[in-house]
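Below, chain A partners chain B and then partners chain C, in two separate complexes.
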Partner chain A sequence: MTLLTFAILAFLSVLAAIMMITARKIVFSVFWLLLSFFTTACILLLLKAEFLAVVQILVNAGAVIISFLFVVILINLREEPKNERYHQQTKWAVLVSAILFVLVGLLLVPQGRYYTSEGMIASELVKWGGNSELVAKYLFSDYILPFEVVALVLLVAIIGVVVLAKKMPPKQKAE
Partner chain B sequence: MIPLPLYLILSAALFIIGLVGVLTRRNIVIILMCIEMMLNAVLINLTAFSVNGGNLSGQIFAIFVISISAAEAAVGLSILLVYYRQHRSVKVDEMNLMKW
Partner chain C sequence: MIATIMKTVLMVNILLVVIAYITWAERKILGRMQIRHGPMRVGWHGLLQPIADGVKLATKELIVPTGADSLLFLIAPVITLVFALVPFAVIPFAGAPVWQITDVNIGLLFILAASSLGMYGIVIGGWSSNSKYSLMGALRSVAQMISYEVPLILALIGPVMLSGSFSMSKMVAAQEQAGYWFIFLQPLAFVVFLISGVAETNRVPFDMVEAEGELVCGFHTEYSGMAFSVFFLAEYANMILISAIATLCFLGGWQRPFPTVGFLSFLDVVPEIVWFSLKIGFFLFLYIWLRATLPRIRYDQLMYLGWKMLLPVVLLNIFLVGLFKFYSIPLLIYYLITFFTTVGCVAWCSKHFYE
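This part shows the complex of A and B:
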């Protein structure tokens, strides 16, 4: 049953990804990406990572998709004919990516057999009460420095976006 | 319990599809979305290893990946808007300002 759920979710996710890179209009692409984010959140739920699933829906499926939609509205794109949609190197890119996929599969999948123990997280989950509590405990004790650094990165990103989005003064525009 | 290799295959497939999108599409909005999708695949990979390996560090780093990807999307989209305001185009192969 769990395997069937996973199979459906994986199929939907890959389908959404393929439709996203081949869609005719950019708005459709954005909505396929939204579907892909939602299926990813469901897969995270299957993995019993509830906190990450909620963060995925809030941040990726919420904020990032909305900002993409705003950009699509603002730049007012027309529908692109097929020869304008793809580069000339499409064939080679697909070929090289397929080879890369086979290589990654051959290298990564045999590694997966060594990781089958769930014991440590399960026992700690019982002790702390849930996935979110456990994540919070690690985030605010062992990983407090990376947490602060990420907060700084987000602050820099906010300031950078404000500076970039500001209209240029007319003196510079005239040059 | 789903075996770990299935998750790895799924995330590798998503990553490669995102890579194909980055390499083949000419529209910068799509390229940015494909980068988001690649980071999404990384997210699945990190969480699957974390849950199956019995170590929570993977999930913590997945949270960092989400926040960095959000910052990346915001900065990338605002650069795109500034570029579009000046050049009225979002084709990636027409960007040759720094070509010598």
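This part shows the complex of A and C:
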């Protein structure tokens, strides 16, 4: 049952990813990306990493895609013409994805483990009081410095955006 | 497995019937507030009006406008309704586990995640209608919902800090154990949650999205028949959802009023589900009351209220709750502190709102 659910979700997420890059209307691309994020979140749920799944939906599917949609709808791109895309990239794309496939395989195989859809670490964590509790505990004890540094970097980014987007008032001439 | 499916089916059906009768109650209450009767003809005091409306909407023709993307156009209301109904899976309606479809330990986060996906129905509907009014309405709606989601979520952090859990049933259990409802510890968060809840559901006075006067009807201008009513069902389901979260996080869920006062224990005769429904009913009445009372606010006022007033106020609330939790301040002193901060914040906001 779990394996079947995983198979369906995995198929859907790969399909959505492929459809995202081949869709001709860019708005459809965004919706396919949304489906891909959503199925990934479902796979995380299957691994009993429920906190990560919800964060995936809240941040990626909820906030990031909405801002994509805003941009796409507002700049109003027209439909892509046929037969003009990817005509030089195909062989390079095949090469790169073949290399990536081999690399990921090499990472997985020598450990001698059989990866099932059942979470290996996540399901053991549940005994310690659930996923979100543990995330919170580690985030605010062992990893407090990186956490704060990331927060600071994000703050700097926000201030930078505001400064860039702000219209400067016209300079007044000195008398 | 079968029990869960049966509970789900039952829940969805009950919700839809309740929503139908909320529309009746809304028309009746609005009528009373405007010194008229409201629906009177169909059934006793118009009690069969929702059914007549339902039949009318179901038999109407569903028009897909020219140039619209028909698949997305038809799928949009379904997305909105589905993600408005999904969060009810983790809402406990009374103490016993029978009254809840499933109790997950990320309940609150699950609700927020699911309801944030409901926005896509509105965007897809607005975009695929191929109409300027719809697109404008959808863009406004999304901007408004994103802005008000921030204070809404931050207001819910207070109860989560006090109960130490995201689970909705543990939230009520924590209030039962403490002996007081969380509204007394954080009235600030409650007020902010109420305001942003009204804004999240696009109700008056935050109904810029549907503004009949300027945008015809916003994102559902082009919808007719059943698709239109599905959007409406989703809006009312969201109202019930916000009321249920407010009840569970701030008003002690299914507990009777003053749960620790001994001589009121005769109130325990009333079943828990009735208390829960009564509290939800109070919030729904509040929604309708607001609609009858307040004019629509301007768009810049909306953004000003969300980002420059509710956000700092709710951050102050998190700070206060942290102080209470960390330094274990005596309850009475803390009550006084929160009371005066709330009064101060409300006074400050109302003074600076129209500037």
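Note that the second predicted complex is superposed on the first by the 138 of 175 C-alpha atoms of A that agree within 3 Å, B and C clash if a C-alpha of one lies under 4 Å from a C-alpha of the other, contacts with A are read in each partner's own complex, and residues count from 1 in each chain.
Following the convention adopted for this analysis, a contact is a pair of C-beta atoms (placed from the backbone, for glycine too) under 8 Å apart; a residue touches a chain by one contact, two chains touch by 3 or more.
What you see is a predicted model, and the numbers here were worked out from it, not measured in a lab.
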| item | value |
| --- | --- |
| Fit or clash between chain C and chain B when superposed on chain A | fit |
| Touched partner set for A:Leu46, first chain B, second chain C, both or neither | first |
| First, second, both or neither for A:Leu95, with chain B first and chain C second | neither |
| Touched partner set for A:Val64, first chain B, second chain C, both or neither | first |
| Partner chain in contact with A:Leu34 - chain B first, chain C second, else both or neither | second |
| Which superposed partner A:Ile73 touches (first chain B, second chain C, both, neither) | second |
| Chain B or chain C, by number of chain A residues touched | B |
| Partner chain(s) touched by A:Ala136 [first = chain B, second = chain C, both, neither] | neither |
| Which of chain B and chain C A:Leu152 touches, first, second, both or neither | neither |
| First (chain B), second (chain C), both or neither touched by A:Ala17 | first |
| Chain B versus chain C - smallest C-alpha distance in the overlay, whole Å | 15 |
| Chain A positions touched by chain B in one structure and by chain C in the second | 51, 55, 63, 74 |
| Residues of chain A defined as touching chain B within the complex | 2-3, 6, 10, 13-14, 17-18, 20-21, 26, 29-30, 33, 36-37, 40, 43-44, 46-49, 51-52, 55-56, 59-60, 63-64, 67-68, 71-72, 74-75, 77, 80, 84-87, 89-90, 93-94, 96-98, 100-101, 104-105, 108-109, 111-113, 115-121, 124, 134-135, 138-139, 143, 146, 150, 153-154, 156-158, 160-161, 164-165 |
| Touching residues on chain C, where the partner in the complex is chain A | 72, 104-106, 109-110, 112-114, 116-117, 119-120, 123-124, 127, 135, 139, 142, 146, 166 |
| Contacting residues of chain B [partner chain A, same complex] | 1-10, 12-21, 23-27, 29-30, 32-34, 36-37, 40, 43-44, 47-57, 59-60, 62-64, 66-75, 77-82, 84, 90-91, 93 |
| Contacting residues of chain A [partner chain C, same complex] | 27, 31, 34, 38, 50-51, 54-55, 57-58, 61-63, 65-66, 69-70, 73-74, 130-132 |
